[in-house]
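Data block below; observations after.
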Amino acid sequence: MTGATLYGLCAAVLVGLGLFGLIVHPQPLRMILAFNLIGSGVFVLFGAVALRGAAAGFGGDPVPQALVITGIVVAFAATALAVALLLRLFR
Amino acid sequence: MAFDTGLAVVVLGVAVWTIAARKTVAAVAGFVAFGLLLALVWVRLAAPDVALTEAAIGSGVTGGLLLGAATRLRRIEPSAAGETLGIGLKLAAAVLCILVATGIAAIVLLLPEPAPTLAPQVAKNLDRTGLGNPVTAVLMAYRAIDTLLEVVVLLLALVGIWSLAPDRAWGGFPGARHHADSDGLLAFVAQLLVPIGILVGIHIFWVGSTAPGGEFQGATILAAMWIFAVMAGLLDTPAVNRRWLRLLLVIGPAVFLAIGLAGFAVAGGFLAYPEAYAKVMILTIEVPVTLSIAATLALLVAGPPERPPNG
Amino acid sequence: MADFMFAATGLVVAMVALGLVRLLRGPAAADRIMAAQLLGTGGTAALLLLADAMRAPGAVDVALILALLAAFVSVAFVNALDRSELDRK
Amino acid sequence: MSLVLDGLSILAVCAGALFFLAGTVGLLRFPDPLSRLHALAKADNLGLGLVVLGLLFQAAGLPAALKLIGVWLLTLLAGATVTQLIARTVRPTEPQA
């Protein structure tokens, strides 16, 4: 098994775990946390795909890596908005 | 390989705990640990740029944001909880999630050989951008429109947060006023670390054109240092109706858009750079964009205005 | 030499992961922050070792950020506790 | 020469890892928060310090070496002050002497 496959499988489990937390947790903040776990899983999956695409002297395919950076920042913006909504809801 | 397996197991263990922990604060602490371990994973995945982003945003700033939220929600948490699922539904959810995970795992195992890659195209055109870091080149040249839209998305999220302000605090100061602690210890830590942090942030931004780093990572560190100074009571958050603040927030996207439109005139397309000036133009975009992102991220963490602008 | 560095990284990560048990058990909030602090330092050390093992100098910058933001998170943690204590009074 | 440097590296990194081990064991086994804090400080300062020392023997050049030292100094500064902050949150729960 290669490193890319290993971390890809790890990503699959992360998505499953996050989805489970999102469904079963009653507290909203825990659901936001679980949603972030799903996001991280998806990003790692991208990273594994990027690692498989290593070529031309690069350690990994830079295109998916750049997309993941964009994704992490957008996920943060979404989390901040969700947290603000949550705090407003229960003030 | 043994190292990778061990790391993956630890990452999954911390993830399980983040889901299973009884106390929310403990779960958030687990999430911060998770982000830190993920940074190690990104280094192993040969993506140091992503590792920097994950360490700065995923672990650092998100951790600060969620810790603050967990503390504020602690008192009302029991009432804030929705209904708890019965054991049958939980089992059904578990089965569903295992199916989803198995599906993704199957896709991972059945990925095409040889792997499709855009790396050779990036390598072939890297010289034309004048940049040495392929990831920055993708972000600022080949997929510049994604980056432009992302900066706009950040601004929209901030508008969404501001729109949650109560009427009396409209245009006012976000968050509670932090006062310097009595023995000045926190203020001392902040005075010591904030200047160093600002230097590190500028360093990470600056090396981004040739080495791992770049505007998002640098901006996140700058934002974290600003939040640090606010927490320690050295600064207050600015009222959000201040003209300079609004200007700071839009200057990045505005310059980005202006240079993008100028691309029609000088290079025949939106966000096209004339070859000789590509690096200069990319830097011209990056500096204001970094400032705007830093301000936006910091204000995203600060939350909606809570105190009226004049009092 | 790389193998040794990988082994050392693995050991430090394992230690840090063990320290997480303290984060889980508490009992005082201070104990949780301590575990977080150990995690930050251990993570920094692991990244430095990994940078050497993989000949990836970029990872040193990651360690630098981690050292900085670990302090930031610890302070946010302490700050959150201070405030909740004030609420109780 | 490089064999000697490698040996020194291995020695220092092993010692550093040992301090991380000691710090973790202390954090898990010591009975009260203040002694746990004491154990933590060892891992923070000496553990990372020895690891950095070990890596210095392998450093590619002066800038790389200075950066490693910078990381260590930053952790020292942050660790020392944050430890103070943690100790302050412990103090009120201790019986007044």
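Letters A, B, C and D name the chains as they come in the text, with residue numbers starting at 1 for each one.
Methods note: a residue touches a chain if its C-beta (ideal position, glycine included) is under 8 Å from a C-beta of that chain, and two chains touch if they have at least 3 such contacts.
None of these values were measured; they are calculated from a predicted model.
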Pair of chains joined by more contacts [C-beta pairs], A-B or B-D: A-B
Where the CA atoms of subunit B average out and where those of subunit D average out, how many Å apart are those spots? 28
Express in whole angstrom the distance between the two chain centres, defined as the mean CA positions of subunit B and subunit C. 19
Between subunit B and subunit A, distance of the C-alpha-averaged centres to the nearest whole Å: 12
Please output the residue numbers of subunit D that touch at least 2 other chains, ranges allowed. 74, 78, 81-82, 85, 88
Of all the residues in subunit C, which ones touch at least 2 other chains? 29, 35, 56-57, 64, 68, 71, 75, 78, 81-82
Touching two or more other chains in subunit A are residues 59
Every pair of chains that touch: which are they? A-B, B-C, B-D, C-D
What does subunit C use to touch subunit B in their complex? 6-7, 9-10, 13-14, 17, 20, 23-24, 26, 29, 32, 35-36, 39-40, 43, 46-47, 50-51, 54, 56-59, 61-62, 64-66, 68-69, 71-73, 75-84, 87
How about subunit B: which of its residues touch subunit A in the complex? 1, 4-5, 8, 11-12, 15-16, 18-19, 24, 27-28, 31, 34-35, 38, 41-42, 44-47, 49-50, 53-54, 57-58, 61-62, 65-66, 69-70, 72-73, 76-77, 79-85, 89-90, 93-94, 96-98, 100-105, 108-109, 111, 115-120, 122-124, 134-135, 137-139, 142-143, 146-147, 150, 153-154, 157, 160-161, 164, 214, 216, 293, 297, 300-301, 303-304
Which residues, counting only subunit B, touch subunit C once they are in their complex? 2-3, 6-7, 10, 13-14, 17, 21, 25-26, 29-30, 32-33, 36-37, 39-40, 43-44, 46, 48-49, 51-52, 55-56, 59-61, 63-64, 67-68, 70-71, 74-75, 178, 181, 186, 189-190, 193, 196-197, 200, 204, 207, 211-213, 217, 221, 224-225, 227-228, 231-232
In the complex of these two chains, what residues of subunit D are touching subunit C? 6, 9-10, 13-14, 16-17, 20-21, 23-24, 27-28, 33, 36-37, 40, 43-44, 47-48, 51-52, 55, 58, 60, 64, 67-68, 70-71, 74-75, 78-79, 81-83, 85-90, 93
Spell out the part of subunit B that touches subunit D in their complex, as residue ranges. 183, 185-186, 188-189, 192-193, 196
